[in-house]
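In the two assemblies presented below, chain A is common to both, partnered first by chain B and then by chain C.
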Partner chain A sequence: MSDKIVFRLFSSCLLTAGSTRALICDPQRGNYYTIPLSLYSIIAEQKKASIEETLAICEDQEEAEILKSYFNFLLEHELIFLCREDLADNFTPIKYEFDVPAIIANAIVQIGKKAEYLVDTLAQLKLLGCQAFELVVMTDCPLSFLSHILELCKGQELDEVNLYIPFNPETDYEALIEEYCFLSSVTICNAPTNEEIFLNGDSCTLRFSTKDLRDHRHCGIIAEKYFIPDLVHHSESLQHNTCLNRKIAIDVNGNIKNCPSLNESFGNIKDITLEEAICQPHFKKYWNINKDQIEVCKDCEFRHVCTDCRAYLEDPSNVYSKPLKCGYDPYTCTWEDWSKNPLKENIIIQYGIHSIE
Partner chain B sequence: MVLILSEHQDASTVEVLKWLNHFGITWIRINEDDEVRFDCLEFAGNQLAGLVITINGKPLNLVEVKSYWYRRGWLHYGAQYISGKISNHSLVNENMHQYLQEELDNVMEFVHRYLQSEKQCINSYLSAKNNKTYYHYVASKAGFDLPDTLIATQKKDLERFSDESGRGSLITKSINEMFSFTHDGKCYRNLTNEVRQSDIQEGNKVFYPTLFQTYVEKFFELRVFYILGEIYSMAIFSQLNAKTQFDFRNYDHEYSNRNVPFILPASIAQKVKVFMAEIDLNCGSLDMIVTADGRFVFLEVNPVGQFGMVSNPCNYYLEKRIAEILSQ
Partner chain C sequence: MNNKMHLKEGLLINTESLPFSVRLWTATSVQIPFKGPREVKSFGTREYKYKKYYKYISRRG
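Entry: the complex of A and B
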């Protein structure tokens, strides 16, 4: 048996090459690191070489020193490990399969004054396997109405509910969250302050925002704080659109859509079932638009930890256009404020976003 | 219809049920805290015509069950019929109760046997007893590398075992299952611990039967999930930090272990298959250690171990696979 010791990337660390640099994403520890493309190719090749052999190929001493410091970095953060050559091939890459036991995995439901279709809608979503619910109360929300909605959710035994409601000074939100433990987050819009409180042993986030986040025009922002360094997300991202795949939205008027920000309606909940809407030819048209197909994103090292938006685009006539609300340039590796970019000014006005910013 | 015997708290069961729902397969889940009663068994025309139990009062004809998953737990049928007093003599009462209990146990054992032999099944209640000492013996016959092991009651045997050349340090762990309980806010549990020379010197001459094993220096650990001939393995790098050196359940939350998919060498995979066939388990989780010099050392098998901790980091979709097998 060979005694050669080779280096190997932990296959739990996910590599993505951009056009200028690459990313190592480490979901098991919730980190990600940008690395030069030269280092990316050395790790990605999995050539069963020892560190010494790899350093020996360097053209000069200076290059070798730089590469040595890279190896130290990779070892220190436990991104690579050293392994007997004869076992190296047994460390197989992760298969990036993605599936969920659901026809619809997440839903946005806007709720109007009477919440008249809510029970029926939630029941239909449950049957479709839906696991994550975003409930948005579009009208005033006195405590009695809120309790009514939460009782309906409780009756449907929903697991993960994210609630958006307008601020009401008389409601004791913390007591409410304690009572309805299925709530994952509650966002209070038009509140006097911006604040975040973690409740129920951190299983629920209570968020106060001075903005009206119920307005769908706030959605679609691409920013580093929204990055998701996660294996399931990465796997989904390789094949699907990470925002719209298996998503459905029912707006305040009962129109069935892909997302509240997209105009196309596939019918009304008063007239057809959700299943009938999903079966319409164009309903799934965004589901398989992945980051490798999207302009600019396909050259970005962050594309598989990133979110997406197909509603607000740099070029509204191109369904593969870069998200409008992204300020990152993967060719220069710099972030800028997208809303202040003069080239985007007309589009921003066209979408009517300028009036909410 | 799929029948699942599980425990109330088991999260993996819930995940498998989501897949069964998604596939449109009907299922019945029985937990250890459901009240099970025997109802009726009938042989007619030289064959089994009906076998009915009730779950919380609802009848279930087991003949109609197509596939069966014994996840964990048991059929809780203890209180049936025999709560009343039969005689005024306590001795008569005691014996009569014992007799009646054995009558019922006999037919309930048939229920388990029937499910495991007649249905498409994953695991079975009767095979799932964690008989570690016997499993260790079978593993040796299957050709596995094993740590030298001593179950002893006397200090002189332990000293001899410890002194033998090349053994290095020793560990102790339970002969049977892991055991834990909580009292007054404190959790009592037995994990794998090191046995120091001073522990042996200061110990009693005669002691309760206790297991000792040579400490195997690991390059990494393996958790191998076996199901109906399929093998899904995960390497656990816990050696990187000292806190988890003896037992990876001593989690280090600051710097978590590395869990990555691993393919067993063909010769080891073959041993796993031989071993599982020999102990009559068609599903279980095996623990192994891979040493720095490339030896695969078998530690134990858990018939009802957690597999979510293998499925998620390796993206194996084991919950989906189980649901597929049950749907066949």
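Entry: the complex of A and C
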């Protein structure tokens, strides 16, 4: 029996190296921390070394003190643990396999005044195993119409329903959410103020926005508030595109797309079924573009907690280009306002983003 | 065997010298002291996994 005590990274903690620094993610607590690349190497190598052996390789006392403080941090936050050397191989690594029981896992559907194809679309999505659904009402939305479409969504066994509707001063949104308790979020666009309220025991978010967020050009934002420090997300990110994988969209005219912001249509819902659209050769072309293939993102330490966008790119001619709406520079580890970057000005105009309300 | 491992003098690291309690894995079960209530979440349930996975169908701002 060995008496040597070595350190190990908890199998559930995820390491991602960037070009300048690395990220250690604790998905069970939903936390993540940036660490220097030198520390990343020490942890990632998983040599059966003790902390004192590792400290001994430091060049001077100052470096050893810094490394010691990092070890204290890692132990304090339960990112690494100590064990006897002869037991160190007993901790099985986690498998990063990803799958969900669905051909299409999430959908965005825009509807107009009649919502004529909504019933049929919902039925088709159910057959495809769709679990999460975003409904965007592109026209005026009196309470009677809103109740009508929510009645159609009721009983669809969807895990998540997000609703984007225009502001109507006569509608009692809180009462509406209480009645239709399957709603996960309701976003009221063109509202007089910006406000966020959590309802139904925090299971639903009622958001008022002064902007018209129904406009797809508002989408594709890359920001820290949208990071997902989650094992399922991390596993998906290693193999697939974290926005477009198993996604389908139907625009207000019934055109079937990968995303409302992308121009390519795979047919109209009035003419073909969703399954027929999915079977077309190019429908899945974005599904396997992961962050390790995307320029700049592949050097970013946040790439596996982040979500991608293939609709708005820094270089529209290159499908592997960095998302336009990302203001993070992994080479300097700084965030900036992407919309004020002079190098992005022409592209912003090209996409028509400059003119949205 | 004492199920709480105390490191003897001369070993490579003495966990008791650290400024916080360190969980040490041994071949026998270790009684981990109860640290107080943690945030309640339905980990492992279908709702939790799917809610987390599909948190952002779109990101509009």
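By our rule, the second predicted complex is superposed on the first by the 354 of 357 C-alpha atoms of A that agree within 3 Å, B and C clash if a C-alpha of one lies under 4 Å from a C-alpha of the other, contacts with A are read in each partner's own complex, and residues count from 1 in each chain.
To be clear about the criterion, contacts are C-beta pairs under 8 Å (C-beta built on N, C-alpha and C of every residue); 3 or more make two chains touch, one makes a residue touch a chain.
Predicted, not measured: the structure shown is a model, and the values here were computed from it.
J.: Which holds for A:Phe182: it touches chain B only (first), chain C only (second), both, or neither?
T.: neither
J.: Taking the superposition on A as described, I'd like to know which of chain B and chain C A:Glu76 touches: first, second, both or neither.
T.: Once the two structures are laid over each other on A, A:Glu76 reaches chain C alone.
J.: Which partner does A:Glu160 contact after superposing on A: first (chain B), second (chain C), both, neither?
T.: The answer is second: A:Glu160 touches chain C but not chain B.
J.: If you tally the residues of chain A touched by each partner, is the higher count for chain B or for chain C?
T.: Per-residue touch count on chain A favours C.
J.: Give one of first, second, both or neither to describe whether A:Arg84 is in contact with chain B, with chain C, with both, or with none.
T.: both
J.: Using the superposition on chain A described above, determine whether A:Tyr33 touches chain B (first), chain C (second), both, or neither.
T.: Neither: A:Tyr33 stays clear of chain B and chain C.
J.: Does chain B (first) or chain C (second) touch A:Tyr117, or do both, or does neither?
T.: Neither chain B nor chain C is touched by A:Tyr117.
J.: Looking at A:Trp287, would you say it contacts chain B, chain C, both, or neither? Reply first, second, both or neither.
T.: In the superposed model, A:Trp287 contacts neither chain B nor chain C.
J.: Could you say whether A:Ile108 touches chain B, chain C, both of them, or neither, answering first, second, both or neither?
T.: second
J.: So chain A touches chain B in one structure and chain C in the other; where do those two contact lists coincide?
T.: On chain A, the overlap between the chain B and chain C contacts is residues 28, 78, 81, 83-84, 87, 232.
J.: Could you please specify the touching residues of chain B with respect to chain A in the complex?
T.: Its residues touching chain A are 18-19, 21-22, 219, 235, 237, 240, 255-256, 258-265, 290, 294, 312-315, 317, 320, 323.
J.: Which residues of chain C touch chain A in the complex?
T.: On the chain C side, the touching residues are 7, 11-13, 15, 18-20, 22-27, 43, 46-47, 49-61.
J.: So in the complex, the part of chain A that touches chain B is made up of which residues?
T.: Those residues of chain A that touch chain B are 1, 10-12, 28-29, 78, 81, 83-84, 86-87, 89-97, 99, 101-103, 129, 231-232, 235.
J.: Please name which positions on chain A make contact with chain C in the complex.
T.: Residues 3-5, 28, 50-53, 72, 75-76, 78, 81-84, 87, 100, 105-108, 131-134, 159-160, 162, 164, 184, 187, 213, 218-223, 226, 228, 230, 232-233, 236, 247, 307, 309 of chain A touch chain C in their complex.
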